[in-house]
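Presented below are the structures under discussion, each in the form of structure tokens.
Across the two complexes that follow, chain A remains constant while its partner is chain B and subsequently chain C.
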Partner chain A sequence: MKAVRLLVGKDLLLEWRGREIVSVMGLLALLLAIVLGATRSGADAAPSAMWVTYAFGATLGFARTFVIERDHLAGLLLAPLDRGLIFLTKALANWLGLVVVQVLSLPLLGALFTEAIWRHLPALALPLLLGGIGLAAVGTLLGALVVQARLREALLPILMLPVVLPLVIAAVGATAGILEGLPLRAVGSELRLLLAFDIIFVTASFLLFEYVVEE
Partner chain B sequence: MRVLLFLGGALLLVGVAWALLVAPIELFQGAPQRIMYVHVPSVITAYVALLVVFVGSVLYLSRRDPRWDRLARSAAELGVLFVSITLLSGAIWGRAVWGAWWTWDARLTTTLVLWFIYVGYLMVRAWAPGVRGASAAAVIGIVGVLDIPVIHWSARILRTLHPQPTVFRVEGPALPAGMLIPLLVNLAAFLVFFSALLLLRIGQERTLDALSEALEEDA
Partner chain C sequence: MSGGNLPGWVVEAHRLVKVFDYRPVLRGIDLRVRPGETLAILGANGSGKTTLLRLISTLLAPTRGSLTWFGDPSAPPQATRRRIGLVPHESLLYDSLTVRENLVFYGGLYAVAPSRVESVLDEHALAPLAARRVRVLSRGQRQQVNLARALLHAPDLLILDEPYTGLDVGAAGRLTSTLRACAARGCAVILTTHDPAGAEALDASVAILLDGRLTGVGAAMGLNRSMLCDWLREGRR
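Up next is the complex of A and B:
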């Protein structure tokens, strides 16, 4: 447990000192929100703008996390932990970074699209958190894969976006329902899908990570 | 392999001729309905191919035998080919009958997303040759199949024009025999042809691997 805490702490400290990932992801998210808002700023455009922004931000930020480790991955792998747990520490750090970006983006999304985003914040937290977990799980696995196989980082969006499309569809559906003021029960099937996606891909990534990082 | 190739070719000739010349004209859709004889066999073959990729990938990661990797690699190429045939024939049929090239139906969306995932698989193979790309591609081959049920589920949230299954249903086929038999002949032709091409590709990959090994020993 201590090792897990240390590894997550290390990633967060690195990020705090450098602010490389959150600043790149955050700026891209804000830019995308502005580009999308400038072209179409009605309230119905808000859910898809929100999730396109997060999905793209994730593909950009998550490739970086393993680039940082590229030269001393062996050191990370020597940690006295199961490879699956090493994956979890990385995914957790990535997820926390994404949550920061989500929080930062909400004032702007609310101002550009609809204030309903602010009014329904407690209910919105559910799709935001569930969707973020799935993005972090898939993004961390595929980010490690792209860096380990020494592929170009440009390949990460191409690999990741099709896989997370069901998550984006469900998250947009849930967000749209909540912004219309529907009770949570009305978007139950979307939330269940998000939860199922998270369970499937956190488990699969946990198991598959060791094949991705081995030399 | 050669026997399968000839058998597949012969079945394909019979199947296509039957579908175009003998099979009855559908009452509402007219001639475009004959696209079914290509569309349905190609989608079934495509999913068989992706299943082979999945099995090959799992076995490669657990056994580390390059033979399984060659199986997965060869099946992935054919999977992309048959998914492409499915999407193109489906779009043409859809335009003729629904008046729309595309609709966000669960099965259409699933098939399209799979096309992207397995093109990504092939890009990983092309850019990361050897063992480096083999494990990475195997992981994608597994993730892609795990994604099928969730894509399908997510796209059900969207609406549909696509007809419900008419051949593989619990009640038995709903297609008249005049259409069902040529369809099954074409399905057999596609599957035999797929097996022949798969064996051909595996053989080529085996030669390629042996060649690059020999080159490495030389160097």
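Up next is the complex of A and C:
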């Protein structure tokens, strides 16, 4: 637990001082929300707009995660830690960054699309949480995979978006149901799919990370 | 560096081969280093020195051949890594963190007590720089902090990739003293360098890496300087 605290604490301190990931994700999320809101602002467009915003924001922000770490990765890989732990702490830091973006973007999305976002905020937390974890898991693993690539900022969305498509579809479905005022059990299948996606991708990424960072 | 089947090798490489994209970089390296021994690996650019160090430091896996650390082939990787310190060519320090924050972070990964960080800061005369962010340090100061970071957990094997590059005479002298002290307490030191004089100053054994093979081995003081230079020039062609 001490190593987790150290690694996450270091990532958060670096982000606080550099503001490289949350600011990039936040700015893109803001612009996407405004563009989508300007083109189609009905309540039925809100779930898609939310998740397109988060998915694209995540691809841009998560591409930076291992760029910041690139010169120091040898130091982490040489530490007497399970390398999967490095993945978990990076994914946790990325997820926390995404949560900040989600929280900051909700007022704008509420204003542009539908005030139902405010009425159903507690229930919305569930798909936001589960969807965010899945995006962070996939984005962190693939971010590590493309870090040495010259076109990594372009490569990450190309690799990540097809992988997270089932997650985005389920998250949009769950969000739409909640915004329509359906009870949580009515969107249970979407939430279960999100949970299964998270379990599979967090576990697989934890196990695969060692091979991804090996040259 | 070489010898019979003596116990107590810090690192032992047997017919080590590393291939990148079908291109062999190392072509069968045999290497043994004892506790307290300093081994300087000389070689031209592109001869495979850094690749060899990355293999020895566990950052790379060999394509063929075997590596054994501390005489225990079945030791878990984490236990092996705990006993290795690495000073690569690039700095492993976080520019946005202060010197102390960097050392506390890396020390924490090795479960080093915070008091040890303070004593290392004092030992390496880094206390006046402790509160400065790494991005404002000179190359020589960074190298000192990088070395302090690698020595925080008192490793039994210290690996350095061209540590003298960019250092002035004073900083190079301090580095030599630190490495000699490290070897004196039983730590094995493996470093790469372009400079035979640096190996001489450390009283190191010397291995010359040419075209992925170790072609010359001997005590630095006993080797003919011009012969070493010829080897290096040959490697550059």
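For the reader, a short list of remarks on this structure follows.
One rule holds for everything that comes next: the second predicted complex is superposed on the first by the 211 of 215 C-alpha atoms of A that agree within 3 Å, B and C clash if a C-alpha of one lies under 4 Å from a C-alpha of the other, contacts with A are read in each partner's own complex, and residues count from 1 in each chain.
Everything that follows uses one rule, which is that a contact is a pair of C-beta atoms (placed from the backbone, for glycine too) under 8 Å apart; a residue touches a chain by one contact, two chains touch by 3 or more.
Note that the coordinates shown come from a computational prediction; the quantities given were computed from them, not determined experimentally.
By the document's definition of touching, of the two partners only chain B reaches A:151; chain C does not. Once the two complexes are laid over each other on the shared chain, residue contacts for A:163 go to chain B alone; chain C is not touched.
More residues of chain A are in touch with B than with the other of chain B and chain C.
Of the two partner chains, chain C is the only one touched by A:18; chain B is not.
Looking at the shared chain after the overlay, A:27 reaches neither chain B nor chain C. Once the two complexes are laid over each other on the shared chain, residue contacts for A:214 go to chain B and to chain C alike.
When both complexes are overlaid on chain A, the residue A:81 reaches chain C alone and has no touch with chain B. Comparing the two complexes, residues 214 of chain A contact chain B in one case and chain C in the other. Only residues 54, 57-61, 78-79, 81-82, 84, 86, 88, 90-94, 96-97, 101, 105-106, 108-111, 149 of chain C touch chain A when the two sit together in their complex.
Put simply, chain A touches chain C in their complex at residues 2-3, 6, 10, 13-14, 17-18, 71-72, 74-82, 214-215.
On the side of chain A, the complex with chain B involves touching residues 138, 141-142, 145-146, 148-152, 155, 158-159, 161-163, 165-167, 169-170, 173, 189-190, 193, 196-197, 200-201, 204, 208, 211-212, 214.
Every residue of chain B that touches chain A in the complex is listed here, in rising order: 61, 109, 113-114, 116-117, 120, 123-124, 127-128, 132-133, 135-136, 138-140, 142-144, 146-147, 150-151, 153-155, 157-158.
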